[in-house]
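In the two complexes that follow, chain A is the common piece, with chain B as its partner first and chain C second.
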Partner chain A sequence: MSEGQYDVVIVGAGIAGAIMAKELTRAGKNVLLLEAGVSTDMTWEGYESSLTTFYTSVNKEPESPYPNNPNAPQPDVLDIGQPNGTGYFIEIGAQPYGSTYVRRAGGTTLHWLGGCPRMLPEDFKIQTLFSVGRDWPITYDELERDYALAEMEIGVAADVEDQEYLGVHFPPGYVYPMYRIPQSYSDQFLGSRINGMEVDVNGTKRQLYVRSSPSGRNGIPNPHYVSPRGEKGYTPVGAVNPAPEGQQYAKDLGQRCAGNTNCIPICPIQAKYNALKTLQSADGTRLEIRTNSVASKIIIDPDSGRVTAIEYKAYDDPEVPEYEVKRASGTFYVLAAHAVENAKLLLASGAARTSGQVGCNLMDHPVVIRWGLMPQDVGSYRGPISTSGIEDLRGGPFRARHAPTRGEIGNDGWFWPSNGPVSTVTEGVNRMNLFGRKLRDYIADVVPRQFRIVFLVEQLASPTNRITIDPKWLDALGNYRPVIQYNIDDYSLAAMAVANRVCNQMFRRAGIEDWTDPNNGLHTVVEFDGEQFAWGGAGHFAGTHLMGASAHDSVVDSFQRTWDHDNLYAVGSGSFPTIATSNPTLTLAALSFRTARELVRRLQ
Partner chain B sequence: MEEGLRRFIAVCVALTGFDSVELTGTGIAELYRATLEKWVGPVIAAELLAFGTEPPPDETVVRNGIMSDAKLGPVARNLIALWYTGLWTPLPSEWYLAYQTEIPNPPDITNAETYIPSPESYIQGLVWTAAHTHPMGAKQPGFGTWAQEPDPAPKGGRR
Partner chain C sequence: MSKTPRGIHNLGDLRDYLDAAVQLELSVIPPYMCALYTIHPETNDLCQQIFRTVIVEEMLHLINSANALNAVGGQPILTGDAVPQYPVLLPDGEKSFVVHLDPFSTAAMETFLKIEYPSRPHGPERRLAALREERAPTPLKVMRFGHDTVGAFYEEIIRGIRRVVADLGEKAVFTGDPAKQIDATYYYAGGGEPVAVYCEADAVRAIEEIIDQGEGLAHNLFDNDGDLGHYFRFDQIKRGRCYQEGDRPDHPTGAPLPVDYERVYPMLRDPRLDDFKGELKRAAEKFNATYSILLTALQNAFAGERERLIGAVGVMFDMKYQAIELLKNPIPGTSFHAGPTFQWAPAREEHVRS
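Here is the complex of A and B:
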């Protein structure tokens, strides 16, 4: 294939770009995929090298296996709240933005948790129902089949019976590709103490349950599975291992989760889904992937408003800021580079300007973090990082007053809240002056009881939470760095306070010794009504090119086509008008199927 | 086993609460002995290794002779952290100032940072064994194991 022959040029080799590439090539379309970062993890050997990098990283934060690439820089958890110039983001808002992403082939699915809840039907129409936020231009029912396609592609493990709550529904007879991942002993213990506990949320009474979470990780295939396309059965997809037949040594690895307790930042066996799996199952004869190629500008014909090319900077060595400017042309263009990168690229190109909303409405899930000691050994630090959640506060009439919230129960002890168990060793040795068998006994007593729960809170789209660009802040290749203005409003803060009170009740009922310390130096702290909360980001970026029903107040339509440019699509969670309370990957994957289908239709 | 290594392990048995079979079984004792010598030099290392008696020193000897000692205490605490977590944290510059005459060919500590000497250091961290689990990202226990009631972590390991 030479330049100009592509049906579709896609920017970004994360999950959205990979699904688009797979669906389009399998429909006989020729695709060029530009990826800003490196291709390291696309081979088994490269993936293993990322694992080794993780082992020797002192701080095992989400980015630790995937070192920063100055030519395609990325945010890092360690830079949050640091002075501007330290990290990738330039922060000008009241609060630092608490989340990060990965810029290399595979995208942030390399270090995602794997949480795959669907959005609630009511999440698509919160303006209509609760007079807050925005409505989606599509409904749950319109997206339902695409959810099922996304669950097939990711390989979601869950039982339908667990997931039918607050209006979430499935077609008759539907089963997920795999049975639910077993809930951890810690989850079971918590459930035995709190299941059925009634909470009162501003007049809405709810009973709480520890519920199995749908997961993008391999479990036992459900023999009754039938895909939305009529294919029967499901075979778990193991590690990506492009090699000649007979030499795919890692091919069968990762067909079951083995409990590495390391979904974030790297599943050693790829039992957890990553976008490279989708990429490898695209039709390789119709797909050209160019990594080390940073899209820098969308070239637009001023008369027709149509995109004529994507300009990109191709480099060899991540550490050397030398590049060649190239152009890629096709019939259609898809930005799938991440909510922040899509917005940056649109802004840098003066594209999609009609609504004035590009870069605006940046959302995340501010997360209230609580931790404590269970009354008995629950076997902490075992299993996938999370196997259960508390879903009962995700929807309800209280949404007119404050945000809904979703609880995510950890199996990773105090790793997130306080860098456990390393901090437990430090405490034992340096403060308690323990050594020898007494130290070992102390660890044996405390670490298996360490427990954390976090509550993810919805944030509404607000034009003042936004990404902008500024010629003062450029990266090594002269591309813009994102300037972020971010804050958490009272609608979300009030829900954080609710979540905090629910946690207090839960801890008392379960007999959990509260060790929450918002001021332990590892978290950003917010106050509401005199209460302090430790909070962090969830890695759930959304809203920078949101979809809507009109070109005047939204950037893309319900197919993620930019209103201003007929052949330009911006896909991913940047298109979400509301983030609701679900982890966004499943929904953005579903939207990718919807957009791919639309492009295939338009290319006929 | 070479006498220096035997002594090193004997001291580490007293410091960590793990027996010599467990420590030897990690395969990283020699690396840790080298790490110790790299940062404190052979003279101070030998002073610490002198406690590597057979049988290992009892708690009082370790508390009086090592843990409360201004010179050996910080070294021993670092060594415990290394064994438990795989991390070596630089000793404070005041410590180096105080004992520089006892460190021939002192290491350059100007840009010294906390580090993990090898991938195995992380994987073999004793904290995971003490807590009756596995290092996050290694030694995978297998599908569904996490759903079972944990075996109680044995107090003080095998005695």
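Here is the complex of A and C:
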């Protein structure tokens, strides 16, 4: 295929780009996929090498298996709150932005948790219902079938009975592709203590339940599954391997979730979905993938406003800043490079300027983190990182006053809040002066009781939370680094205070000894409404090119087409006008199906 | 060389054959595991991948055989005397070679090729220098049937199913409890799903799947799913080159397949508990206890407690780590390393996972 013959040029080989590539090629369209990072994880051997990188790295943080590539740099949790120039982000706001993402083929699904809750119907119209935030230009019901397609593509394990709450509904007879992943013993213990516990949230009374979380991890296929396209049954997708037919042994090696407690940063047995599983099932005869190719500019015809090419910098070696500038042309262009990277690229190109909103409205799920010791051994550090949540505070009339919140219950002990169980050993040795038998007894007593819960809080779109670019801050290839201005407003802080109080109540009820130490240096500490608490980021970026009903106050329309450029789409969670309380991946995957279908229609 | 195959003439014969099939599949997994786990970490990547995929397919074959045996009113036994003690002769009746627990080596590969495609002429075996006298092969619980190849053995089972059904009628043959059948709910991966067996057609399909994946006939390079048969997967390692579509047997023309027999833990051939002392012995006992827990779980799963297969996954992880712990350690005063002995050891309390 020579330049210019592509129907669609896609920037970014994460989940949004992979779904677009699969849907378009399977509909007979020719696609070029540009990926800024490396292709390491696209083969079985490469994936295994990332696993080795993780095993041999001292810090076990989300980026450990995926080392920074100076030619396509990425944020790293170890850089959060460090002086500008240390890491990728340039922070100029009141608070550090506490989240990270991966720049290589597969994107951040390489280290995602796998959480797949749908948004609530009310999340799509919070301005109408609660006079806060923005409405989506589409409703839950309009997106419902695309949610089901996304659940098929990711291979979501859940039982519908658990997921029908706060207005979430499914077509009659719908089942998820796989049965729910069993709840951990720790979840079951907590549930036995707190299920039905009543809380009062500013006049809204709710009973709390420990509820199974839908997850993108291979479980037991549901024999009653019928896809939205009418295909019966579901076959779990194994490990990635693009080897020729007959040598694709890796597909037999992806297993069902075995509870390695390592979803983040890397599932050692590829039971967890990643976008490369989707990418390898695209029609390879119609798909060209160019990795090590960083999109640097969108070329726009000033007269028609149409995009004529994507300019990109192709490099060989991540460590060597030598590159060649190239151009790729097609009929349509899709930016699927991540909320931050999409915004950077639009800003660097002077594109989609009418609303003035490009880069604005950056959101995350700030999380309140609490930890403690269970009254008995609950088998901490076993099972997938999270198998249950508390969903009962995700919606309700209180949203007029403060944000809703979703509880995520961990099976990973104190790893997130305090780097347990390693810190348990240092605590025993350094602070308690234990050694020998006493140290072993202490560890054996404490580690299996370690418990943590986080509450993810909605953050509203605000134009002053934003990504900008500045020629002072460039990366090795001369591309812009994101300059971030970020703060958390009272609407979210009030919800964090509520979540903190709910945790106090829950800890008392369950007999959990509180060990939360907001001042342990790993988190940002705030005081609000009489509560002091620690918060961090959730890795849930959203809102940098949000969708809306008009070109004057939004960047893209409900099909994620930029209002200003008829053949340019910006897809992903950057399009969310509200982030609500669900993990964003499932919703952005659903939107990708919607956009792919629209592009196929426009290409007929 | 072999005596005339006994053949299947009645329901009792069919159960005996399927019993032997279960034991045959159980017998080949430990040798393949030894080859896989003796490979140094992060070396021989493609070889590791080949062993992994073959092992999970053998597990699938084990389940298919057990499903067929359960369906015809038999009872799969995987514990006690049924546990193969190495070296063994395969229970289908092949007497021309002995199956050992060996480290990844040319000798091991020659044996594996015989297991997967036994009608090939046998090459000379290169052996590790023996620490002690070669052990005599241990006879297995089941009688041997005098077939020359695994393929012939399984083909007789298919003929036997048809013969017995023709004699007695399908209903009289398939009397097993349907609640004992293992389907995809309880096991998948490994090149497909198990075949749950409720009737003649299912039983034939379950056995054909075993043959198809390269256990027996091996007349095609690629099976019906487009996967390379086991014999040819192993032949790639022997020849250091991958097969590709259109290749003739013995003449792979695909990409080179790097093999490094030096990056291997030099495990003692057919280790047994009495080869070890002290810490090594305790580690070997621990492995055997875990292996026995796994076999008990499998046997119980086949006896109707199907959900035990799900929990068995965690036990397999334990086995892997405990095997590697043994393999990393030299046996004092020798040039060999320890290894898993795969001996039956009814669980002792302190070894059971809490």
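Convention: the second predicted complex is superposed on the first by the 599 of 604 C-alpha atoms of A that agree within 3 Å, B and C clash if a C-alpha of one lies under 4 Å from a C-alpha of the other, contacts with A are read in each partner's own complex, and residues count from 1 in each chain.
As a working rule, a contact is a pair of C-beta atoms (placed from the backbone, for glycine too) under 8 Å apart; a residue touches a chain by one contact, two chains touch by 3 or more.
Bear in mind the structure is a predicted one, so any value in this text is a computation, not a measurement.
Of the two partner chains, neither chain B nor chain C is touched by A:Asn274.
Of the two partner chains, chain C is the only one that A:Glu48 touches; chain B does not reach it.
Of the two partner chains, chain B is the only one that A:Phe435 touches; chain C does not reach it. Residue contacts after overlaying the shared chain place A:Thr387 against chain B, while chain C stays out of touching range. Of the two partner chains, both chain B and chain C are touched by A:Arg256. By the touch criterion stated above, A:Val422 is placed in contact with chain B alone, chain C being left untouched. Once the two structures are overlaid, the count of chain A residues touched is higher for B than for its counterpart among chain B and chain C.
In the superposition on chain A, A:Pro221 contacts chain C only, with no contact to chain B. In the superposition on chain A, contact is made by A:Pro236 with chain C only, not with chain B.
Annotation: chain A residues 52, 256, 258-259 touch chain B in one complex and chain C in the other. By the touch criterion stated above, chain C contacts chain A in their complex at residues 41-42, 45-46, 49-50, 52-53, 56-57, 184-186, 188-191, 221-222, 226-228, 233, 242-245, 254, 310, 313-314, 317.
Note for the complex: chain A touches chain C at residues 44-45, 48, 52, 220-221, 223, 236, 238, 244-250, 252-256, 258-259. Contact residues on chain B toward chain A in their complex (touch as defined above): 14-18, 59, 62, 67, 76-77, 80-81, 84-85, 87, 113-116, 118-119, 121-123, 126-128, 130-134, 136-138, 140-150, 152-157. Across the interface of their complex, chain B is touched by residues 51-52, 54-58, 60, 182-185, 188, 219, 256-262, 266, 268-269, 377-384, 387, 411-412, 415, 421-422, 424-426, 429-430, 433, 435-441, 443-445, 447-448 of chain A.
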